[in-house]
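Chain nomenclature is as follows: A, B, C and D, assigned in order of appearance, with residue numbering initiated at 1 for each chain independently.
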Amino acid sequence: MKRSLLILAVIAIAAILLGLALDPRSYGVRVLCLILMAAALGQAWNIVGGLANQISLGHAAFFGIGAYTSTVLQVQFELTPWIGMPIGAVLAAVAAGAIALPTMRLKGPYFALATLAFGEICRIGAQAMSGVTGGPQGLSVPFYGDSLAMMQFRQPGAYVPLFAALFFLVSAVFAVMSHGRLGYMLRAVRENEEAAEVTGIDTVRIKLTGAIISAACTALVGGLFAQFTFFIDPDTVFSTTEISIRAALIAIVGGVGLLWGPIVGALFVVLVEEFLNSTLSDALPGISPFLFGVALVVIVIARPEGLVSFRHLVTDRFGKKGKEA
Amino acid sequence: MTPLVQAILDGLLVGGVYGVVAVGLSLVFGVLGIVNFAQAEFLMLGMYVAWFAWSFLGLDPMLGAVLALAAGFMLGYVIQRLLVQRVMSSDHVAQIFLTVGLLAVMENGALMIFGPDFRSVQTDAQMISYRLGPFFISAVYLKAFVAAVAISVALWALLNRTWLGRAIRATAQDAPAAQLFGINTRWIYGIAFGLGAALTAFGGGIVLSFAPAYPTIGANYVVLMFTVVVLGGLGSVMGALLGGLLVGIVQSASTLVLPIQLQNLALFVIFIAVLALRPEGLLGKAAK
Amino acid sequence: MTTKAILLGSALALGALPAMAQDTIKIGAIFPLSGPNAQFGNSSVNGMRLALERMQEETDGIADRVELVVTDVPAPGDAPAATQRLINNDGVVGLIGSFSSSITLAASEITERAQVPMISHSFADQITERGYEYIFQISSKGSAIGAAQLNHAVEIAEAEGVDVSSIAILYEDTSYGTAQAAGIRDAAAEAGIEVAVDQGYPLGISDVSPLINSVRRAEPDIVFPVSYLNDSLLIVRTMRQQGLSTPVVGGAAGYIIPAFKDGLGEFTENVFSVAPANYDYVPEINADYEEAHGTFMPHEALMYGAALQHMITAIEEADSTDPVEIRDAISALEYCDGFASGLPGECIAFDETGATTTGFPIFVQWRGDDIVTVYPPESAREEPIWATAD
Amino acid sequence: MMIELENVTGGYGHRTIIEGIDLLVAEGETVAILGVNTAGKTTLIRAISGALPHQKGHIRFEGRDISDDPPHARVSSGLACVPEGRHIFPQMSVVENLMVGAYHRRSSALDEDLEAAFTLFPRLKERRRQMAGTLSGGEQQMVSFCRAMMARPKLLLMDEPSHGLAPMMVEEVHSAINDVNSRGIAVLLVEQNVSSALRVASRGYVLDHGRITLEGTAGELADDPFVKKTYLGI
């Protein structure tokens, strides 16, 4: 575990140094921030998706709650995101607890669909509560210029250390969890829930803890996202495709349940997307998301276990019918 | 009382269409065990097929829907054999993300092939409604409902009265055992996926009679389809059809008490509650 | 690992390149070319290309050196990266876009900080109410358009001796729908008109019967729907089905595009809509557009064409490719030629917030395959016909 | 020879469960395979029915090599299976379950076969319209058995047919096996209940840790000291 933390720190510092080397106004620096953000998002998802194998498709709920909490507090009370973001994390944790209770027993696609519906509920809720959230018209982060106290800067370069720190924080949480008792128990639950219960593991509590930590981390990413883009609306931050599926995708493309999975996944997803967008976007509308879809299909077919592989899938025709839920 | 009856009537008619659109999703899940996130793209495809049939052959969308059925079947069968079959024994994660990738490919492929234009049809039925005392029955939704009922009956007969149907159901319930009795389950998976795609595409043809086709139209229906299927019981064919009627009625009747903006919120809350309390669906086993 | 390394390297190298070429001047265009608003994004870009072409033919100025860098931004989440890329990699000196308000809002956060000017025709009031210096809005704000949708309709009706005492507002719950509905609502309150039905509905609704049922029960004098195409077709059809003859006054977007006619045929006749601009001011430009694209020029093509011409003229006036100087020139310029002569007010000029000082909403009415400007009287090409549907 | 296994090795993934199996069943013969729980009996049955993902060696059915045939093709050759755990189709009626058994023939002339099945187990006739999932364990075993017979097999593979059944039912199942056998259908029977298996079968093999360790006639095996000690508890 110490080695993992050390490598993570080296990656984070390397990212910061790279950020310093690049022009702080440049697109490259923005891409660097996006990669770090994607890695943090994928890693936060990985806590429930990877360690407990609960395929959540509703993490946009927590991302959105994080983004809206810090932004609303900033707009209404001029509260700094340094305080607003942790409050958002707490609210997201509460939301995660609330949704975990009815959905925890669900498995596989059932869990995925229930969480997906939860994300949609949050999106519709944010749209309807226009008094607080600004409704469908969205919310702009007040412009303070360069202000460390308000966590905002003119140039994307200044965000690199923030994203690097967040990336390190979330990844370290994952590393500590996966090596620690909690991670061990989550894995036990993943492999065989009944057996885990028999050996005295309180599976409900374990899964709840995992869900809450994962949601809090996701909310922090959402809060920093709002500070980085300055404008949020319900369709963006509660988006099933742009946030929920993307968070899962990053972890899955890299390798579910692995510390390095979301990092590899974030590099792959963000770079391929940005590469396609910057080279093909004006050539033929739709070609870049089309090719991205093709890449996804090819990866899933060629390496269903992700780019970093680890899991032995025993294909027992009698034991596993592909719909064990 | 009149508004409520009218709301139920409206909900029932459009609910039949929801049922047909969603039944393909349920069939695919029931037989293959795969949640197909790309299912709504077959609706989009069906709408385009029916639109071209209307535009170039002058066919009513209800007839175009039959062509859509055939096209949907062929495409679905090929996709299953070439792609989906390869992840049949993989983890759920791989299965879900294969279909997410397909969604992106199909939606953007349609944009590149058909362009971004809205394509709608004009039929006489669109502007007519029948009056029954104080009630209105929209001709276009009535036609859609009749087509939905007809295809549902055909599907029921196929599943329950033919060797192919028995093979499909046997594969859904216990694929390894089905294999032991001479059922080529791989082939059945292809047929079932194709059939699911065909039914959703047929639904697309019907939908074209009242809504325009464009490349991202599937996104408007995807959440609705999942709701219908979950209420009816994932994997249950008849449940999906009944679930469609139920969703149509809930959507329509809820607007008498709730702002219509929140109609989907109400559906999702029911959705999660059903999953948590009755994962076999509100309409349960009896419907299968 | 090697492919990844190459991708990473190339992406970052792209960022480090100063991409400003010597003789071409690049202007960025940010529009949804895929996704649900793709059609509107495409026609906007078509209008801009036509505007550039005509300017290059007609003048010997800087237009010959202008290159339009178009990029697809289907959703607000994609806007920041695309905007940054256009500014830093392509070296655009100004941006035009985007069709939808939320994309414009997201993109303008980047242009403001990068100090690059952007001209938009999105409706949202917030766009020029954040105190930003680099964003310009050539159309009236959503609230003003909503107010005009109500006030103009009432004026036309009352001129015909029809009394308006209660109305229905039906709007989709998007940024555009809610903003404009708020404008209608406020104007109704001011005019002392009862809002008998006030319903927002989810985008992509598949059955509007519940909405129409409530309209039928409330019996308003006018129905004001604000929506894109899908819902506009459903609303008009369902009303016709039930024999409701309440006049419909559309809220731009779905009501003034060629596809509206494709979907409704003869039933579009005499349907009113508010609009930010209409092509019948500039028949000659419209003829060019129609020849190239087969339909009349929708308002977004006209507006964005005008926006581009304004920006090019401002670059010429500034005699500089420094975005800050261009911004000042855009702000100072009153541009009345070319596409701009097709806008209500027939010119483009901005106040210190970047909002338009010349533009105002107009009323159009469907006549056959065309839409004609009918109100206010000083802008009208033809007289409005207040005919209730039979 | 009905079926002939030559040096068959197989398992799941990288795990080998059975190794170097040589086995014969003659026409009309009933052969038992004995062994403890983890000996590999079910794996062997799956190798024969074609449901094992990885296998090597040769399986010949009536002299024809069927090693590479998928399971559904082996049914048409004349092989039918009563799988372990019954594997009936729970949401199909009894009649429909039986019809699936005749799927490879897809003929409409099923009434005769259905009648034969109902004669064998009259109780099924009473419940012909009932969903199979709602039947008792013994009744489900009857369905599973009849379903296999509907395929009109030449060789019937039976995997633990008496597992989890009441003693009365066990008797009924074994008498049904005798009945089948008397009609000239060969049976390969896997049983944990060694004493009753040896009463039904004419020959047997003992499987231990995936290998055949002993073979002989039922009488020889019943007298074998190792079999006595290990399986019969004598």
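Some notes on this structure:
What we mean here is this: a contact is a pair of C-beta atoms (placed from the backbone, for glycine too) under 8 Å apart; a residue touches a chain by one contact, two chains touch by 3 or more.
Computed from a prediction, not measured in an experiment: that's the story for all the values here.
Interface comparison, B-C against A-C: more C-beta pairs in contact at A-C. Using the mean of the Cα atoms as each chain's centre, the chain most removed from subunit A is D.
Taking each chain's centre as the average of its CA atoms, subunit A and subunit D sit 51 Å apart.
Subunit A and subunit C have Cα centroids lying 35 Å from one another. One finds 41 Å separating the Cα centroids of subunit B and subunit D. Among the residues of subunit B, those in touch with two or more other chains are 108, 111, 116, 174, 176, 215, 259, 261, 264. Contacts with at least two other chains are made by residues 51 of subunit D.
For subunit A, the set of residues touching two or more other chains reads 124, 127-128, 285-286, 289, 315, 317-318.
Taken together, the subunit C residues at the contact with subunit B in this complex read 33-36, 38-39, 41-42, 173, 199-207, 209-211, 213-214, 217, 229-230, 233-234, 237-238, 240-243, 259, 262-265, 267.
Every residue of subunit D that touches subunit B in the complex is listed here, in rising order: 49-51, 70-73, 75-76, 80-81, 83, 87-92, 96, 99-101, 103-104, 106, 147-148, 151. Per the touch definition, subunit C reaches subunit A in the complex via residues 4, 7-8, 10-16, 33-34, 38, 42, 69-72, 75-78, 80-82, 84-85, 87-89, 101-102, 105-106, 109, 112-114, 124, 126, 130-132, 173-175, 177-179, 202.
Subunit B contributes residues 29, 32-35, 83, 86-98, 100-109, 111-112, 116, 174-176, 215, 223, 226-227, 230, 234, 259, 261-262, 264-265, 268-269, 271-273, 275-277, 279 to its touches with subunit A in the complex. Contact residues on subunit A toward subunit B in their complex (touch as defined above): 49, 55, 57, 99, 102-103, 105-106, 108-110, 112-114, 116-118, 120-121, 124-125, 127-128, 245, 248-249, 252, 256, 284-287, 289-290, 292-297, 300-301, 304-305, 311, 313, 315, 317-318, 320-323.
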